[in-house]
Amino acid sequence: MSDASETARTSYARVEAGMKRRRAAERRFRFLGKCAVGLGLAFLAILFVSIVGNGYSAFWQTRITLDVTIDEATIDPAGAREPQVLRTADYGALIKQSLRDMFPEVSGRRNRFALYGLVSNGAGFDLRDKVLADPALIGRTISLTVAADDDVDMLMKGHIDRRAPESDRRIKDNQLAWIERLETDGRIGSAFNVDFFANGDSRDPELAGIRGALMGSIYTLLVTLGLSFPLAVSAAVYLEEFAPKNRWTDLIEVNINNLAAVPSIVFGLLGLAVFINFFTLPRSAPIVGGLVLTLMTLPTIIIASRAALKSVPPSIREGALGIGASPMQAVMYHVLPLALPGMLTGTIIGMAQALGETAPLLMIGMVAFIADVPGGVFDPATALPVQVYLWADSPERAFVEKTSAAIMVLLLFLATMNALAVLLRRRFERRW
Amino acid sequence: MNKAKFALAVLSVATIGSAYAQSARGYISIVGSSTVYPFATVVAEQFGKSTQFKTPKIESTGSGGGIKLFCAGVGVEHPDITNASRAIKASELEQCAANGVKDVIEVKIGYDGISVGHSKSAADVSFTRRQLYLALAKEVPDPKGGDKLVANPYKTWQDINAALPALRIEVLGPPPTSGTRDAFVELVMDEGCNSFSFIKAMNKADKAAHKAACQTLREDGAYVEAGENDNLIVQKLEANPDAFGIFGFSFLDQNRDKIKGASIEGVAPEFETIADGSYPVSRPLFFYVKKAHVGVIPGIKEYLAEFTSAKAMGEEGYLSERGLIPLPKDEYARVVGNAKTLTAMK
Amino acid sequence: MTQTPLLVVLLLTLSSLAYHFGRKRAFAVSGGRVRSLHSLPAYYGLYVALWAVIPALLVLGLWLGFEDGVITRLVVASMPPEFAGLEPSRLNLVLNDIRNLVVGNIVSSAPDATIIAAADRYRELRGISTIALFAATLGLATVSGWVAYGRIRPEHRSRNAVERIVMGLLIACSTIAILTTVGIVLSVLFESIRFFQAVPVTEFLFGLDWSPQIAIRADQAGSSGAFGAVPLFAGTMLITLIAMSVAVPIGLMSAIYLAEYASARVRAIAKPLLEVLAGIPTVVYGFFAALTVAPFIRNSGGMLGLDIASESALAAGLVMGVMIIPFVSSLSDDVINAVPQSLRDGAYGMGATPSETIRRVIIPAALPGIVGAVLLAVSRAIGETMIVVMAAGLAAKLTANPFEAVTTVTVQIVTLLVGDQEFDSPKTLAAFALGLLLFFVTLALNVLALYIVRKYREQYE
Amino acid sequence: MHVQASEFTRVSTEPGAGRFPAAPEIEGRYHREHRGTVGEVRLDLPRMRCTGVDVHYGDKHALRDVSLDIGMNEVLAMIGPSGCGKSTFLRCLNRMNDTVAGCRVSGEILLDGKDIMAPDVDVVPLRARVGMVFQKPNPFPKSIFENVAFGPRIHGLARSHAELEEIVVSSLKKANLWDEVKDRLAHPGTGLSGGQQQRLCIARAIAIQPEVILMDEPCSALDPISTAKIEQLIDELRRNYSICIVTHSMQQAARVSQRTAYFHLGDLIEVGETDQIFVKPRHQLTEDYITGRFG
């Protein structure tokens, strides 16, 4: 055999000798890759488990059934049944009276407070609404089911340990005894938490709901959508189809790419300085939030829209131009309709991004305590993620649950929007 | 297609424009102290539910910041009410007047203790005001003796007094915009530093130097300005058992399961001890109303009425459930009278 | 004004009518020979329609802009002289009352006669204004539409005219991006300049102490008002570093695994799942960091005998890293896929194992792109706000210890500005200076990264 | 030995089908049942021996029942029209088809008597013995030195740096590149001209001392002068290595190879001495291709 095959043989022997080490290195590397993917997915799982685990119970609310005597002397001493008088009367006193009647042995200021603390502060308003709806109830004794106080709620849901030493729990021994009596009487139960979806924010966790924040988010997004979609599509059409290649369009291009990566809080500063300080638009209003988020999402939507336009093959344009259409006609009648699904997808993704954004809204005052549900774009409002932020900062244990539940609602909305985008993409995706 | 888009844009601009032109502020705007914030929000909620008026918008800006905003002028863009965890200062009233805010109605809503609290899991502690001063002032009397001030050398509580825990001094407290900070400085730091006779003597010679000596807090990390949010302080204390925090009694009361208050001069912060005045660090809480706005911004009078009603501020009112210490009977009657007649401060 | 939508609808109806007539006219002037027209008949219609609607809309916009001011002035003029003499702010309040009355909001007290009269006057004027507005805009629309209608001839270049108008609109829209950047720069620049008048730039950039809570009154002793931002930079860098040391290895390795090893099925499941991490709002991460991760780290540190602050840089950085994983992995995935197959073939053809191919050929080839991706991720980490606001500390400490609490630029911006509305104190203005800095740092990083990535792409295209 | 291949049924699925009009007489002429390879596929002392190799890409049957020997120290050229399977076959010889998703290979391929298709065979040492040079020069984005040193490094062929340098220098010399690059070994390999890049790739392949070198149209991207240099190089390398070269240039096959195999739409039609194939093709299809009537 020749010299060459001799060297080939020795080199082959060396290759074989190294194989064990190399196979091990290969396995290690592959394992590392698997670990990385696994870790990423594990983080996701932990995140979801922790949020759902904390939040699912917020969709139920502990309720207590009381026998309330609607005493005419307390709420309508004049007996005239005037709505104004009925509306402002002290129904809380009736609720307190009914609790005292149920536990007549309770005495002393502290103890009585503890007793009143079993039911929510909103109980009086439930009663009021009932009476306003049917003034004939006055003077009668009715059975009324009201929300329990958040601490009672936490106890019933097991977040407060009944066996912990008294000093370590917010429900004291005497309250525990009363609750146990209510339990044996079958007066305490659990129901779907309608308030969580029907109410605005409240300082009382059991009354706090996401409706205000949700409406705030919806108004904000409406402003954002109404402005950013036409603006972004027009800008994308111009830049992709008509703009001459010159310094000016280069500048615009670089600008858009940069704006897409500018931290969102900087847009908040812009909103604060321009919309609130300069144009004196109201603080905490969805209109300002919408404007800020419009500027923030514009680059995203423009980039997506341009990609959609780019994916329409030149042959379509050439075809249109070839039969005598003007460039504008080619774009408006042939290219744009084909690119529209892609643009819509980009817009939905931009909207999802806007829905989840918090930092710029903090800058423009959308963090105030706002109990009313906003009725328009100029009413003070918060937004869903800001509500999450506000609740996360609240000390009551029950707000942890509310926060997680609000996050679940927020994620649900985001998931819906993204699913919509995916669906749209699947439905209209064309392969050229 | 393009036309429809154009129309959409026009429509949105037009509706926004028209909506803005007709916007008139129909709700009360409230700013101010984070200590009063929880009380004010509860009243605002009750007010919003029980009347036809809109629920007031409340932002927590700190007493000082709130008064500053409040005093910026009369007009729709300025707040109607500011909450304060201390009385308004003469200098601030002057500022108000200079900006055209002449008639201000003062409403004292009750008392609140300032508690120095820490996590429930830590051992009980009792401080004197002098110890707190030594722990927190920027400059303190030289521990080696002599009547001069040196940069605060104390690293742990034990350095100050052997009876105190051997923990690094770490106190979370409010920034200067906060009324709690003002009250703490007056009630604890001033008292503590006046227990040194030579500093007390300075007050006569050089008021400014005395103030600087007593009221300047450390900036070396022992005192951490934790922002306006008392809730945040509570959360941080719960997580870090070695740290102390300065906040209103109501927060302590609301979070008894997480934190506890240190005794000061041997008295623990309790509802009763603050009400009877034996707990040394307590102060009144207020809110201030711009009289010029009454009758113009809807609902201010009614809000005042709701706040001062017996079901709110009274002995068994819902505010006392939240940790507000009610006013004595005679004082309460005077406040209610003032609120009814809208009597401005002199 | 409440009629504005109605008016807009009317105008649009008018313009569609104009479209119809314009088209008809085009047919008419062509004498039945549509080919003799310069443009398609529809363009003549559009031409008339646009002419009918645009001037009218401009007038509408101007009218709405000035209407309130004019009416208010007239109302004030009609009121008793003592009102006219009020200072502007008080007048403003009275007007608010009047407007509340007009809009039908509940007003507080029983309004006095002058106010009611003024409100009536206001309402009356507004009625007049509305009628006038309708008349003016609809009239203008008709007239301008008519003029355009008159211009229709076979040789009239309607299409070009229409396209010029539309093009003008498109160009206007595309300049918004420039305006936004200019807006950002100006809005933070002005306040920053005011800040730097109070605090020297050098102190801000190189000072080692950050203690911005200065006294707000003359008779108060606040902190010294140190505005040295170095501890903030250090804190930001520390958290960013931690985030990167989580995100880069995990993101890069998962991109490699999914691109080079995983079966199509695994990829189809794992990739979108990982991208879910990018879609979760940052406030959720903040909540997760503060509620779950920080206590966990603190407790496990406690078990190991480590003293870990409850708001350690580690917790915030870790969670931020998780947030950035999909960002790094999807960018790296793009970059790795851009490496030509021929290089892989070359390495495999020589008997390289997959890992050798990746480490010795693909990664070196993709390195510029990966660097660009990492730079973009860094820029994102620096600008991230909610996670650090909720999970990082407030004390500006100059430390490299990840177990201690540090604060960041964004945290300080939020703390200084939330709830605060006074724009004359260096404390508030400092937030804008920080914002300016943040903008320029991220801008520089973005430009650099985009440049690197583009260069890299060109290399293989 | 030869299993009858199945019928061609569909024309349009075959790659290259679109290149000529599907007129009936053409279909009839070129798409007929294959009746086995013409010529002697076996050698006395083969380096590699392939038996009944079939390749599927997904649903597509890309290569049917190919049997062929590759001799020691010979250049075997594979020719045929586009899509005929010659590259596919080449890529079977060092199992490069493993890297293509959806590709299934069956049959038996022996290298020095051992089946390289066996499941327990590691492709890494296999590819160290059967090197490959690709159509487009693909130097790694590294220096010239590192390009050549890549193989020896990953396989651990050099015990010392001096030895590595020796391998690099001798490989570059064998690839006739040394004189052109000896002053700039640290320059990036991508900076060389196309022909130099391809010779660099050849140097890179021979640095690991393979027994067989597979070349997949190595000159298709090069100018005539570079092509001539590579062909000369191939001729020199023949003394030490077995070389399989896929080419679409019949002239090139005629110039460099000793034996030629003609592939047609997935079938190995004819194998023989190069001279014989080009002068006296025995199969009608080969003749049509050689004479330029088809392809």
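Which chain is which? They are A, B, C and D, in the order written, and residues in each are numbered from 1.
The rule is simple: a residue touches a chain if its C-beta (ideal position, glycine included) is under 8 Å from a C-beta of that chain, and two chains touch if they have at least 3 such contacts.
Worth saying up front: this structure is predicted, and the values here are computed from it rather than measured.
Note on connectivity: the fewest chain-to-chain touch steps from chain B to chain D number 2.
Sorting all chain pairs by how many C-beta pairs they have in contact places A-C at the top.
If you average the CA atoms of chain C and of chain D, the two centres end up 57 Å from each other. Centres computed as Cα averages put chain A at a distance of 19 Å from chain C.
Per-chain CA centroids place chain A at a distance of 31 Å from chain B. Per-chain CA centroids place chain A at a distance of 61 Å from chain D. Listed for chain B are residues 2, 6, 25, 59-60, 77, 235, each touching two or more other chains. Counting partners per residue, chain C has 166, 169, 290, 351, 353, 356, 419, 421 as the residues that reach two or more other chains. Contacts with at least two other chains are made by residues 15, 22-23, 230-231, 234, 367 of chain A. Those chain pairs judged to touch are A-B, A-C, A-D, B-C, C-D.
Chain D makes touch with chain C in their complex at residues 94, 96, 99, 101, 123-128, 131-134, 136, 138-142, 150-151, 154-155, 201, 204-205, 208, 214. Those residues of chain C lying in contact with chain D across their complex are 264, 340, 342-353, 356, 360-361, 364-365. On the side of chain A, the complex with chain C involves touching residues 15, 22-23, 25-26, 28-30, 32-37, 39-41, 43-44, 46-47, 50-51, 54, 230-232, 234-235, 237-239, 242-243, 251-252, 254-259, 261-267, 269-270, 272-274, 277-278, 283, 295, 298-299, 302, 326, 328-329, 352, 355-359, 362-363, 367, 385-386, 388-389, 392, 400, 403-404, 407, 410-411, 414, 418. Residues 1-2, 4-5, 7-8, 12, 46, 49, 57, 60-61, 64-65, 67-68, 87-90, 92-94, 96-97, 99-100, 102-103, 105-109, 166, 169, 209, 211, 213-224, 226, 290, 294-295, 298, 309-311, 393-395, 397, 415, 419-422 of chain C are the ones that touch chain B when the two sit in their complex.
Interface residues of chain B, counted against chain A in their complex, comprise 1-2, 5-6, 8-9, 12, 16, 19-20, 23, 25, 27, 37-38, 41-42, 44-46, 48-51, 54-55, 57-60, 77, 120, 229, 231-232, 234-235, 251, 254-258, 311, 315-316, 318, 320-321.
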